[in-house]
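Chain nomenclature is as follows: A, B and C, assigned in order of appearance, with residue numbering initiated at 1 for each chain independently.
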Amino acid sequence: MFEAIRGHLAASAPHDAVRAAHHAAAAHGEDVSAREEKRATVVFEGTAVERFKQALEAVAGKCFVVRDEAAASEVLRRIAEQRDSQRVAVTDSKLAGRVLKLAALRSEVLENAAVESLFECDLGVTGARWGVAETGTLVIESDAERNRLASLVPAAHVALVEARNVRHTLGEVLQAINERGEGGLSRAITFITGPSRTSDIELTLAIGVHGPAELYVVVIEGEGNG
Amino acid sequence: MHQQTSETFDQNAREALADVQLRGALRNLATTFGGRRKEAIATVEDWEGLRDRARAAKDETLAHLDKYLEQFADNAERAGAQIHWGRDGAEACRIVLELIRARGASKVVKSKSMATEEIHLNHALEAEGLAPVETDLGEWIIQLAHETPSHIVVPAIHKSKRQIAELFAEKVGIEPTDDVAVLTGAARRILRRQFAEAEVGISGVNFGVAETGTILILENEGNARLTTSLPRTHIAVMGIEKVIPRFTDLDVFLKLLPRSGTGQRLTAYQSLITGTKRRPEDEGPEELHIVLMDNGRSRMLSHPVTRQSLACIRCGACLNACPVYQQVGGHAYGSVYPGPIGAVITPQLSGLKPAAQLPYASSLCGACREVCPVKIDIPELLLHLRAEVTEGTAAGTAAQHGPVKQRPLERFAFGLYARAWSSPTLYLLGARVARLLQGVVVRKGRIGKVGGLLAKLAPPLAAWTEWRDAPPLAPRTFREQWRDGQYREGN
Amino acid sequence: MRVSLFITCLVDQLWPSVGASAVEVLRRAGCEVVFDERQTCCGQPAFNTGYRNEARRLARRFIEIFEEGGADYVVSPSGSCTAMAHHFHELFAEDERWRRRAEALAARTYEFGAFLVNVLKVEDVGASFKGRVTWHDACHGLRDLGLREEPRRLIRGVRGAEFVELPNADACCGFGGTFSVKYPEISVAILDNKIDAIEKAGVRAVVSGDASCLMQIGGRLTRNNSQVRTMHLAELLASRE
């Protein structure tokens, strides 16, 4: 296959040279052929957390900004009670563990659910390594927490993220991951933006196909106490 | 209905134009996705700059594809993935089949992948007694209906809610309903069982990062995450053009692809997978196989015009924007890839001869180029392929199917035109003769519907006047008026 | 300023009045207009159908003719034919001398409206017209040459004319050269969206910069016995009613 690739690239070289010569000669201004009409750009002013909340809610996620882990556990308990949660799947995120403990839910909590029992859980609780403000995105990494299917299989997902980890752009997060260098890259990194959705039938939006129909993100502003 | 292939594009198109339901669905697609895309691109600061950066990254990769592929393969293997090379579709299918067999597996789930559609992987697996289950809602609908996708992003766009409800009632036994949420819920329930039991998951790949060996899969439903997390073995089928150089290049592509495709800032899920799990107690598959597939792609590298085809990130924006696709839909193209991008890659992948109509299935309006997030000059490609049709020079593909059928009458007409219109005398003579003759057909200052013998003698005139009047030639051409002195200064 | 008029075969044979209007407007804007009677066609029909040898033959002729005569600019009342002149270089990939000539000619070849606005810096040519008009963006002028604002500014400069924007003004009319007769059903299906929009706009005239689009749109309007007329931009700008 490499032989074919190299052969075809070599065949292209003279044509490439002609193209380059034309582009060098064609000094008649910018290439207009592919341009679209310029449109106004939406500019957001405010903090990363405010922007995150707005972006997440625009994609049908719910966002709670709280002062500390105790307040986060209040939110978690309210959600579990409202949903009458029976079985809760949780990742091994330290933050999720602490908040879950404070919440003292009446439901059964599975820390390392096997696939079959995972399908019977009605709520999943996870941490998140980062939040991305511009898109309302959560970033979950395999090196940081295991049993991440808790974020996917149950019908509702509660994610806990520290405010200091909410960055403005996806570019910043990709850069941060990249800077860790070789070995710093988790095997699985998942970006989550809102609940599971589809428009496959007549382009009508339906929420909650294979993943959760409800996504709650609790942003914790204070320092963690762990 | 006849068998729809690329060779019967004209006939397919006529049938599509008569399908009222289809045309309603296509109108909905153009308005909805077209509008959402416009809103979404207004949320980034420098859309044009992003497109330039994306194209530059693709150009860089393609100009050194051997180097980046090697780097990708090395890094993926170092992270624990196993790399396989499929020179063509048949070989890629064979590799997948053997991987499944060697594991004694029988339960296979799939997430949406155009690469596997392209090589008809499901057929190949079904022929060997396997029953892969499509898990993307649209793909599942298509699979239940034994149809093919009509759009690369929303494969079941041609079907109405009602048709889908009837299909579900027949195939999976649910009460017919008008409620999309109920239909979606049924799919969730039924496919969960498949996920729970699956031994092998097959996915496509949106981007492969050379620098890290990472594969990235975008989706909205969560089925790709399940497909790539639950089964013990994950097989990813990836076209060789999906490689990008650097991890941070993902930033620009993740800004462009969802906005162009569905008008989202970001799709609900992106899975970035680098090799296999590092500790046995971790979740995720034990094996990751990446099948790198050529299947006619490397041939496109041999000219800068055709090479652009490999920059495509399969967003579908050109389909939504294309006036032809908007009228006839995806099935008319008779190929896995429809619309403008399909009209240029189908002839290159499967041979120009069976797809010789497709490069002509365009008004060359350029709407595709305008919306393309990687600035592929599709009209330029269409013209390049049209020249290959008339010159019979389709490199590589001619051997597969024999030379492209020529149109001697058309060739004669264009030869005559070029010769006669190279002489001002003949040009004017032609105009005068035509002016004398047109009296036969001009009525009330225009040429109405032409029938009978004249229609047979001049098929283009008949085709034009069937639905449109034609203007008559003016009594005097501009050049005659000029010669007469009509435009002398002061007149 | 000396301007060589590239009339295009369509205008020459079907609508010489468009040529007359273009001459009048250019002169009004202070240009000396010359017309080389040897010109015929730019070769676009052959080029767009894939007959490159035939297109090359006409392109060479075109370049030779318009290099002579000492005009500062070549101006054409067609975005599509002007765009073809800008594509000539593609026909001479293996002939550097001709490619350079093609590039040099393209650099001084302008579409009529773009020439007025961008070279002559004129937006008001002293025209007047009674009634409501709308504009159809011809694809090649819009997307090959990037002309979006130029024609609109010129129309807004016409006294008495009430300009209304057409919904999807930049959508193709379905002409597409040989496409219109190779796939007439698709061509007309696309066209009918345009016709609907024009009829709903309640205009007296639909204006465009390409005779080919006007032939497509006008052919359907008259077939439907519509009251709306088609007008070339040059005709509107030459109007004094």
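Just so we're on the same page, contacts are C-beta pairs under 8 Å (C-beta built on N, C-alpha and C of every residue); 3 or more make two chains touch, one makes a residue touch a chain.
Note that the structure is predicted; figures quoted are calculated from it, not measured.
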Longest centre-to-centre distance from chain A, chain (CA-based): C
Winner on C-beta contact pairs when A-C is weighed against B-C: B-C
By mean Cα position, the chain sitting nearest the middle: B
Whole-Å gap between the CA centroids of chain A and chain B: 29
Separation of chain A from chain C, taking each centre as the mean of its C-alpha atoms, in whole Å: 50
Interchain centroid distance [CA atoms averaged], chain B/chain C, Å: 31
Residue list for chain A, restricted to those that touch at least two other chains: 15, 33-35
Numbers and ranges of chain C residues touching at least 2 other chains: 143-144
Touching two or more other chains - residue numbers and ranges from chain B: 366, 369-370
Chain A to chain C touching residues, read off their complex: 15, 18, 21-22, 25-26, 28, 32-35, 37
Of chain B, residues touching chain C in the complex: 10, 13-14, 17, 323-324, 326-328, 359-367, 369-370, 380, 383, 385-391, 410-411, 414-415, 417-419, 421-422, 424, 427, 431, 446, 448, 459-460, 463-464, 466-474, 476-479, 481-483, 486-487, 489
Touching residues (chain side chain C, partner chain B) in the complex: 7, 9, 11-17, 19-20, 23, 27, 33, 35, 37-41, 43, 45-55, 57-58, 61, 90, 139-140, 142-144, 170-172, 174-191, 215-216, 218-220, 222-223
Chain A-facing residues of chain C, complex: 89, 93-94, 96, 99-100, 103, 106-107, 143-146, 148
Complex contact set, residues of chain A against chain B: 1-2, 4-6, 8-9, 11-12, 15-16, 19, 33-36, 39-42, 55, 59, 115-116, 119, 134-135, 137, 142, 146-149, 152-153, 169-171, 174-175, 177-178, 185-204, 206, 208-212
